[in-house]
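What follows is a pair of complexes built around chain A, which joins chain B in one and chain C in the other.
On to the complex of A and B.
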């Protein structure tokens, strides 16, 4: 009897070690390639984690200066900023926009970003914000084009914003927020990762109240399709993308499919043709090393830009790898966004700079 | 008596647990080698097109600079019981020789004068290499992968599109010939991938990773072993300028670099871990860059090789380009091409020249790509 128990325990241990080894991608690496000429964009140096492209203004808003799972607030020596990048010219220079009326300027470390065009045509930004003490909130900012500044409108705090990562706007005051886990410390996050009991999820905020749409999972990047009928959710640790039907009237989601990517995809972008773009981390062990000690220039992790073309029933997808780098040029890609009819590409990173590429190779073949 | 019994009991249990531990480690290693967490994400370096879909295999290629031609072996699939024509064809890489747009992508099949060779019906060409002598004579050396008749065939190119068979070298130690690299006139290295030629015996050999592959050297009259105890050696390529021989290992997912001494003995310089299974090796003579045609996901490749007749069972294709720096102390790897198998399955040979690339596969198509940006990133 004891022998049987020991053999079963050993079998469990072997399969657990195997799954953990595969989860950490010990047998993977990237091989570099680029879709055309690539250059760094002057401006963001401490992160370009998310990008919101406002086509109406030919402008990209880039969040920079993320502080994440910080145990010692004094380590955070960088400043949180939002950069604006003019997409109509190849200036390769992004400038920081001043933010007016922030409650706590020093506690502003932006993460995910989304935009909404208000009724009067002006742009409203929704930004996931962490403080140095790793407190979480959603900042609502209005873009004043004339004065070239962001006016702080409101900060939303909620118990259900457990560990927010990304946000997607559904109205002038309503949005969806993804939680990428429940732990507030590095140790807690490691426990969550190793045990597989994730505490993240999806929260809807209607302007006054919040409620859960998904629980006990990892939700990283979130975005709607162009027609706002489909919601895409990145399950980073599971290396899948969840595809859900979104009902704006009932505020409900229904699962359509789950796409297995075998790479950890971060934030999303939807292009003119309704293709999904994402910045991914193909090798998890290197990503953890880099993200755990972001200021160490000797630690970097791989970047990967994928474009997903979905079938009409949204149950399968064709993946094209548009960009791949071992990290020496672009470390830890988090977002990829195209513009200029798909001829140009912006690649944002979690804790490093911004890359601007031309796309000179065919993506449909 | 009690003491002896207790000691024997302890040793017995110790041996059992050591055995279980070793089996567990073996299983872990086997599972990791299978690449269960890998896949390929499609991309091309520029516009691509299929040159031919008419042969079940375009597994070997070599480039002859003096003629601006790529010679391609056809029909490797017959070695895996597929019905297909076999032979050798060439592709002209010169785009400015006055041919029309359509003619530019033609393959020209060659006729073979066998000069009385009695086993010509058992010719299944795979690995191929060439030697251009100073008097303009071009010699081709071709691996015959027929299960019952593994040989190295020597040809000379005559009258532009004809091959004269000169001789064949067959040896009982040839069980799984893969690729060939020529280092001089009738001087060549060949890789023998496994002790068992094919089937489940070979799969078991690969699973156990017993390392029974070898590299043989032929000096014009005598065959000898140049390197032994290799784990599944596959592609082989020679850098004549730097006298370096590159040998790919399918199971180790690496490339070995050997210095070829004056007496053609091999001295191991370094091993380059690719984390993908190299099948074909091409060395650019100008730059010394190494181009690899690889199978990036082993379990899908194994499935594809077991069922080559099934069009729905693909294997991913991958082309790598490696630039060696600092005399082999470091290298930069780029991936010009990758495909999940829908366009080209199981890439096994590659040639790059003049901003264009040819990709051959084990059982299927030949692909031609233009490289919009062929720089090393």
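On to the complex of A and C.
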């Protein structure tokens, strides 16, 4: 009897070790290719984790200076910033926009970003913010085009913003927030990863109150389709993309499908043709090594840009790899956004610089 | 019945369990169960019409592209030789002159030697299992038969690479070339069952054993042979020199990360390699469980310095819908030609 228990335990241990090895992608690698000429953009050096492209202004807002799972606030020597990049000409230079009336300027380390066009035509930004002590909030900023500054409107804090990663606006004061886990420390995050009991999820904030839409999962990047009827959620650790039907009136989601990408996709972008773009991490073990010690230039991880063209029923997708790098040029891609009718591409990284590429290869074939 | 003590039987059980589990786990990782392909093209691609797939492919120094093709009808034995013009994407059949009485050619692997003004083409004749050598005449697309190498070791030849006017290297993938089940085992288990041979005049010499070699290229400038191993996901660089016969001076193995199926040397010294990026899908397609499996084309530069890693660029990747199990690739001008044996895909670089 005892032997049977031991054998069962041993079998469980074996399959657990094997699943963990698969999760870490120990037998994967990337092969470099670029869609055209690629250049670095001056400006962001310590991260370009998320990009919001405002087509009405031909402008891209880029969050930079992410501080993540910080255990020693004195290690955070970099500054959190939001950069603006003019998409109408190839300047390859992004400017940091001043943020006015911030409560805690030193505690501003932006993560995910989303934008909303207000009724008067001006742009409102929703930004996931972490402080040096790894406290979380959503900052609402209005873009003043004339003075070229961001005016802080409000900071939203909520118990359900457990560990926010990305945000997507649904109105002038309402938004969806993704939590990519529940742990606040590196050890806790490791335990969450290894046990598979994820505490992340999806939270809706209606301007006053918040409630859960998804719980006990990993939610990284989130975005709506152009018609705002479909919500895409990146489950990073599970290497899948969840596709949900979104009902704005009832504030509900209904699962349509789950796409297996076999690569860890981060943040999302929807292009003019309703294709989904994402910056991905093909090899998780290298990504963890790089993200765990982001200031070490000898540690880098692979970058991958994928474009997903969904079938009409949203149950399957055709994946095109637009960009792939072993990390020496672009390390740990987090977001990919196209503009100029799909002829140009911005690739943002978690803790490094921003890459601007031309797209000279066909993507439909 | 040998009576083991409980302690000894427990040790035996757990040791065997550990060994079997480790081997099985390594096998699962080896056949790439957590990998997939993502589509990627280097430019506009299209299938060349009215042309069956490529069995062999080689180019001369002038850039002239020769290819052997097979008919889509397996029952007929209609293999042909063509010259391909990449500028207008047309092919013209080659006239073969000379040859012994009643001689017929069913071309397989081929390679070219450009030491003379009319390059010599070495062709594996699958009908006779001999190596026939032709002198090319590029003015009128004709090949003049020159000689034949005969040896029983040429049976099961996988790839050939010319080294001189009267010498060449060739590889054989397996011992069990005709036994399907055992051949599958050889494709999966990385034991060195393949052969590398060198032929010079009437002498044939086995120079090494490699696990399931699929392609060979002799680089006379670097005095090295480059051999791809499908099972080990690797490419070997073996420096060779002639003493009493030929011998390998040094050997270095580089990991490709995928299962190579062919190798072709470009003019700048880099290699174009076709790969199976997801091995289990390739195996399933061999068993006809699925109808297609992914294709991957890499450009690989092997560094002169032994300590430096390979430089690998991906040129093409497909999940099998457009081209399945690509097994030959070549560049002609600004065209990348890819074949899976039934069609030829032409991509603009």
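Worth pointing out:
To be clear about the criterion, the second predicted complex is superposed on the first by the 365 of 365 C-alpha atoms of A that agree within 3 Å, B and C clash if a C-alpha of one lies under 4 Å from a C-alpha of the other, contacts with A are read in each partner's own complex, and residues count from 1 in each chain.
We take it that a contact is a pair of C-beta atoms (placed from the backbone, for glycine too) under 8 Å apart; a residue touches a chain by one contact, two chains touch by 3 or more.
Just so it is clear, the structure is predicted and the values come from calculations on it, not from any experiment.
Look at chain A after the overlay: chain B and chain C clash there. Put chain B and chain C next to each other and count what each touches on chain A; the higher total goes to B. Of the two partner chains, both chain B and chain C are touched by A:262.
By the touch criterion stated above, A:320 is placed in contact with chain B and with chain C alike.
In the superposition on chain A, A:329 makes contact with chain B only, not with chain C.
In the superposed model, A:36 makes contact with chain B only, not with chain C. Shared-chain residue A:361: touches chain B and chain C both.
Once both structures are placed on chain A, chain A residues 10, 14, 18, 21-22, 25-29, 31-33, 262, 304, 306, 318-322, 324, 361-362, 365 are touched by chain B and, in the other complex, by chain C. Those residues of chain C that touch chain A in the complex are listed here as 10, 14, 17, 21, 25, 28-30, 32-36, 38-45, 257, 296, 298, 312-315, 317, 322. Against chain C, in their complex, chain A makes its touches with residues 3, 10, 14, 18, 21-22, 25-29, 31-33, 260, 262, 304, 306, 318-322, 324, 361-362, 365. For chain B in complex with chain A, the touching residues are 20, 24, 27-28, 31-33, 35-39, 41-48, 275-276, 318, 320, 332-336, 338, 340, 343, 372-373, 377. On the side of chain A, the complex with chain B involves touching residues 7, 10, 14, 17-18, 21-23, 25-29, 31-37, 262-263, 304, 306, 318-322, 324-326, 329, 360-363, 365.
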